[in-house]
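Pasting the structures here.
Each of the two complexes below includes subunit A, the first together with subunit B, the second together with subunit C.
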Partner chain A sequence: MLAVTQYIFAAGETRFQTGVAAYAAGQFEPAAQAFTDALAEQTAPGTLVNLGLADWRCGRTGEALLVWQQAAWLDPFNRAARENLVYARDAAAVNLPELTWFEEASTWLPANWWTWLAGVSLWLAVALVTVPGFLRWRKAGWHQTVAALALGVFLASLAPAAGIFTRSKIAIVTDKNAALRLTPTQAAEVIAALPLGEPLRELRSRGNYLFVRTQNGSGWVERKQVGFLCPK
Partner chain B sequence: MRLKIFILLLLASARPSPPAHAQMLVNPSAEQLMQIVRSQPAVDIAAPVTATASFDPPQVRPGEKAVYRVVFNATAVSVNLPKIIPAPPGLQIRLNCSGQTMQPVGGEYQNFATFDYDVRAAAPGEFTMPEFSAEIYGKPVAIPAAQLVVKTDLPEPHEPARQLLVEPSATNVFVGEVFNVSVLLPATAAGAVEGVSDIQLNGDGFVVDKNSVRQSIRAVVTAGRNSTAYIFEASLTPIAAGKVNLSAQGFTAGMNFGGPISITGHLTIPGGPPKMILLDSEPVAINVRPLPGERELPGFLGAVGNYACDPPSLATNVLKVGEPVQLSIVIHGPNNLSRVNPPLPPRADGWQIFPAERGGISGGAKGPGASFKYTLIPLTTAVSTTPALPFSCFDPVGGKYIDLTIPSLPVTVLADAMQTNVDAALMLAENTAEADQKTGLSQLASSPGWSAGGLVPLQLRGWFPLMQILPALGFGGLWWWDRRRRFLEAHPEIVRRREARRALRRERRWLEQAAASGDATRFVRHAISALQIASAPHYPATPRALVCGDVLQILTAAERAGNSSDLVRRFFAAADAAAFANRAESQTALLAEQNALREILQKLEARL
Partner chain C sequence: MKFFRKFFTMPLILSAGIFAGGVAPGETNTAVTADNFILPPPVTVETARGFYNAGTDKLRAGKWDDAETLLESALAKQDERVQPAAVFNLGHVRFAQGVDELKKSPPGAAPQSRAATADGAGAIQQATAALAGNDVQQMVDAYLAGRGVRKELRAAAKAVRRAMEQHGKTLIKWRRSLDDFKSVAELNPADTNAVHNAEVVEQAIAKLVDSLRELQQSAAPLGGKQSQLNELLQKLKGKIPAPNMPPGASGGKDDEEGDDGKLPTPESLTGQEEADKSGNGQEMTLKISAEQAGQLMNSIQPDGKQLPMGQGEPGQPKNRSGRIW
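After this line comes the complex of A and B, so read on.
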């Protein structure tokens, strides 16, 4: 299994380097394809940043914003992803996603860290409270202290973990013809045209349409015209 | 009543327009709003639902289209028609369109839903659509029978089924290219023209510009003959590429035009209340081509058409640092100017540029033009021209993008020695810092970075919640183990008996092996040991400490009175004799007592 994993990683790395070489040669389409292939082997923030750069050079503003957002989702400490997002939003004149306080808190750490933190801290607190009793160890003050700290960390990480869940409903417009419609049909009245890269929040879905909330109102948009932060 | 209008250009409205101030209340109160609601006629939804069915026209020629029309006094969404209606053999029928309208009935409004089926018969005959039922508001409603006569020879003048006609100004367009569509309702054979209300253009991937809607009645040539027709015109913008079927539907509305209308020519408009008959059109195929993406120019914001820009004008060419100045541009185009997006303000060193403000549409020598105003603030004296505003459009006739970039204009920026504009100074500082941060995109990442399992968060992956069961099971197991341990500590006899049972089974196994090999000495030794082990937990005592009397105490009175007691004594006596008197021969005879010993041991084991 280790050998298979190493093989996959090596294949992903090769495609990544192919993409870097193509990008350096000014061949942005092949570069984007190579980075997409690398992502199929191995999801990594660096690959997402590079794919965004290649998409941007190819004029795919929505896709570029989406993958940089995904890079920041995986690794909020990735400076390149953050800076590119700021630059691209400014250039494309699109809004920032509106985040609640707990969603804002969830951006401080990589998406999965909060969940790991909540899980580990909960079981650590439970272990420190129960295991000394089971094993008839002498109760020590540090047991109580660490258990209280772990419980505190668990409670504090619940809200960001919920924020991660709700942020997974955020999507980015990737189709330049995307339109916000009154009803979930092709013939429905168009409420507004959606600019590329505009963030949306999925509220519910029906068939091929999503009922979304944007900063300019709510309506239905075709599923294929948007990309989710965490694809389903 | 019939109304004659002779060569007249008329701009009329169907309903008298009250004064403007009465049309809209400025910030009406809740009570005023309630009064408006109360003043409207009530909508009758309690009336019993009935259905009518008819063929339009009732007589047609073979292969000619007729419309089978079913009308309910209910909302369209409440009607649940059978998917396959019971058509007689030889009659081809398919649902074509449906619509809903509201009509006054006895001082109240009622909803009427109409379903139009396209009907054709290949051969002459009389066809009767039988009575069938539909479900409305969850209850069955009977639809009466209707008859269609198909004859080769029909008396003249024969009027075919009335239909709307859709005439697009173009059938091969680009995405975003505005084109006009006319929906015509030609006059009847008797020359009567009536309006059409609730016109709906059916087709995927279009945006209808409702501000562009016009209606008129004028002479047209349809099917090679001159006639008069009601014409509804609207501008459409395709928003998706591909082949699209465009059709129209609407209700005949008599002389209710619902808005301004231009009437030209000699015509007859039927008076009286309108009949509100749902009509539809044959679909027209529109080929929508995608824009060529590879040759797109900078500043393309979706403007498709023959656009042009006037030279920009600046309020003044001599500025001071921090002093705002207005840059005006005018974009001329064929139509749809209200939808044209102005050029995005570029990021330019030394300038702060605010997004354009729409200034309205005005006429001119070059045709109508949409004006936009940008506010620019020079942040330094180093700038000598305004930044160019990248803008381009796609010319659908030439099939290429056209660069319409708004050129730079020369300016002279003077320093403000007094630093009176503190805001400008602050903005300059902020902008410089911001510019340092946002000089552009990052460099390529040199390595993919750490690998993540995927973008889906852990809590949404199936294995993660399941994995949480493992520590829960571990802690549950620990808890159960601790509870069991405490219980056994409180009840040591359970442990003793369990250990005795285990040791007894072992001794019995060795006992059987000794008996099978005929080793009497081993047999007796294991028999004594088994008896001691089986009796020890009852005292409790160490098994080896028990003597024959102790074992006999464990036997019941009946067993003591029987052979069991004797057998136990013999085993202990034989063992004692072998141990203390060196007489092993008495042990050999005991091999024959294997079955009796087994019974005793089974009884003792059962008491553990």
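After this line comes the complex of A and C, so read on.
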């Protein structure tokens, strides 16, 4: 088991290094392919940032914005991803995703941290309330204080955790021919053309179409023309 | 015309499906006779159903633009129960809008264009022969005939252009209508009426495209003939002696570049009348001898200085190779 894991990591690392070398040599297409292969082995914010750079150099604005957004989702402290996003949004003249307050709060920490925080704080609070009784320990004041704090942390982490869930409905336009349609059909009337990298929010779906809300209105878009921040 | 009638009757064929969607969205394709349908109430609540019913009402009343706006509002509400019926009726509205656009097309533009092209070819031949012959009368006749044909060519070009514009507008509407029926078939694959209507609209589009091609083909030689004729008329104008020039021809630019869409004023009609009598004027001019002309010129010159005038045998206009004024 350990050997298999080590092999996978080694293969991912090799592909990552191949991608870095290709990027340094100016071969952006092979670099993008190598980073994509490396991501198939192991998802890492650094690889996503590099893939975004290769995509950007290849002129794939939508894909670049998507992977940088994914990198920022995985690691909000990744400065390169944040700076690239600011630069690319400005260059491509696309809007920022509209976030609610609890979604905004969810960006302060990496997505899985909130789940851990909620889980750990809840069980800590439960443990501090119940375990001393089971073990016939004398109830101390600090037990109550820590349990109260843990419960507070748990309650506070619920909103960002909900934000993580709702942010997973945000997608980025990756197809240059993407259009907002009035009905979920191939021959539908087009309401507006969607620029590459434009953020949209899935509200519901029907077949191969998603009913989305953008900053310019709502409509249907083909599923294959967008990429989700949190791939399903 | 036959084609036009065929298109005009199309909404009647298609309208069978209109009444179906009127009251109960989702049951669009049930054939209902005109006696049975219930008029939808006016929009009191701005719901998808309210907009849909109001739009269908406008569709029945033949108010296409209002119907389109209301049905689109119904669609924008994104109510899945109303959507297929609203798109179905939008297909009808857009087809009817296309028919209305087609009605505005001038009838018989293609035959008119072909006739004008044939006349243009005749006028060009006549003008070429007149230029080669150097006979003033022939040149004047060719010039007058050419001017008439040039007007005909302009009128034909205008009619074809207008017909093509209207055909283009119709094509846009009908393509949208086709897409609407296709969308309904995609939303509800069991809807056979939508599939049938899509086929009918497809056939109508195919005929419209054929008609558009015919117009394009008939219009293609018009421009060439017009410019060729203009060139020849210009040459004729250069060769016809000024006194022989029919009235209205000396205007220059207006005469050459046309009077598209302008009705002749009473003054210009008078000028045309005079042009018809141009033969008399020509004879009068030819009767003036060189001596008489010399005397006339002397009387005009304030200082009495005599201008050099040809005193020999009077040259006939047809023998003159260059411009005489």
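We take it that the second predicted complex is superposed on the first by the 232 of 232 C-alpha atoms of A that agree within 3 Å, B and C clash if a C-alpha of one lies under 4 Å from a C-alpha of the other, contacts with A are read in each partner's own complex, and residues count from 1 in each chain.
Note that a contact is a pair of C-beta atoms (placed from the backbone, for glycine too) under 8 Å apart; a residue touches a chain by one contact, two chains touch by 3 or more.
Note that the structure is a prediction, hence the values are computed from the model and not measured.
When both complexes are superposed on subunit A, subunit B and subunit C clash. Applying the stated contact rule after C-alpha superposition, one finds that A:13 touches subunit B and leaves subunit C untouched.
Contacts of A:186 after superposition on the shared chain: both subunit B and subunit C are touched. By the document's definition of touching, of the two partners only subunit C reaches A:211; subunit B does not. By the touch criterion defined above, A:127 reaches subunit B but does not reach subunit C.
Of the two partner chains placed by the overlay, only subunit B lies in contact with A:46; subunit C stays clear of it. Once the two structures are overlaid, the count of subunit A residues touched is higher for B than for its counterpart among subunit B and subunit C. Stretch 183-191 is the one among 147-155, 183-191, 363-371 or 381-389 where subunit B clashes with subunit C after the superposition on chain A.
When the two complexes are superposed on chain A, the residues of subunit A that touch both subunit B and subunit C are 186-187. Interface of subunit C with subunit A (complex): residues 72, 75-76, 78, 80, 83, 87, 176, 178-180, 182-183, 186-187.
By the touch rule above, subunit A contacts subunit B in their complex via residues 9, 12-13, 16, 20, 23-24, 38, 42-47, 49-50, 53, 56, 59, 70, 73-75, 78-81, 83-84, 86-88, 90-91, 93, 110-112, 115-116, 119, 123, 126-127, 130-131, 133-134, 161, 164-165, 168, 176-177, 179, 186-187, 190, 193, 229-232.
Subunit B meets subunit A in the complex at residues 175, 202-205, 207, 239-240, 293, 296, 302, 344, 347, 355, 437-438, 440-460, 464, 468, 471, 475, 478-479, 481-482. Residues 182-189, 206, 211, 218 of subunit A touch subunit C in their complex.
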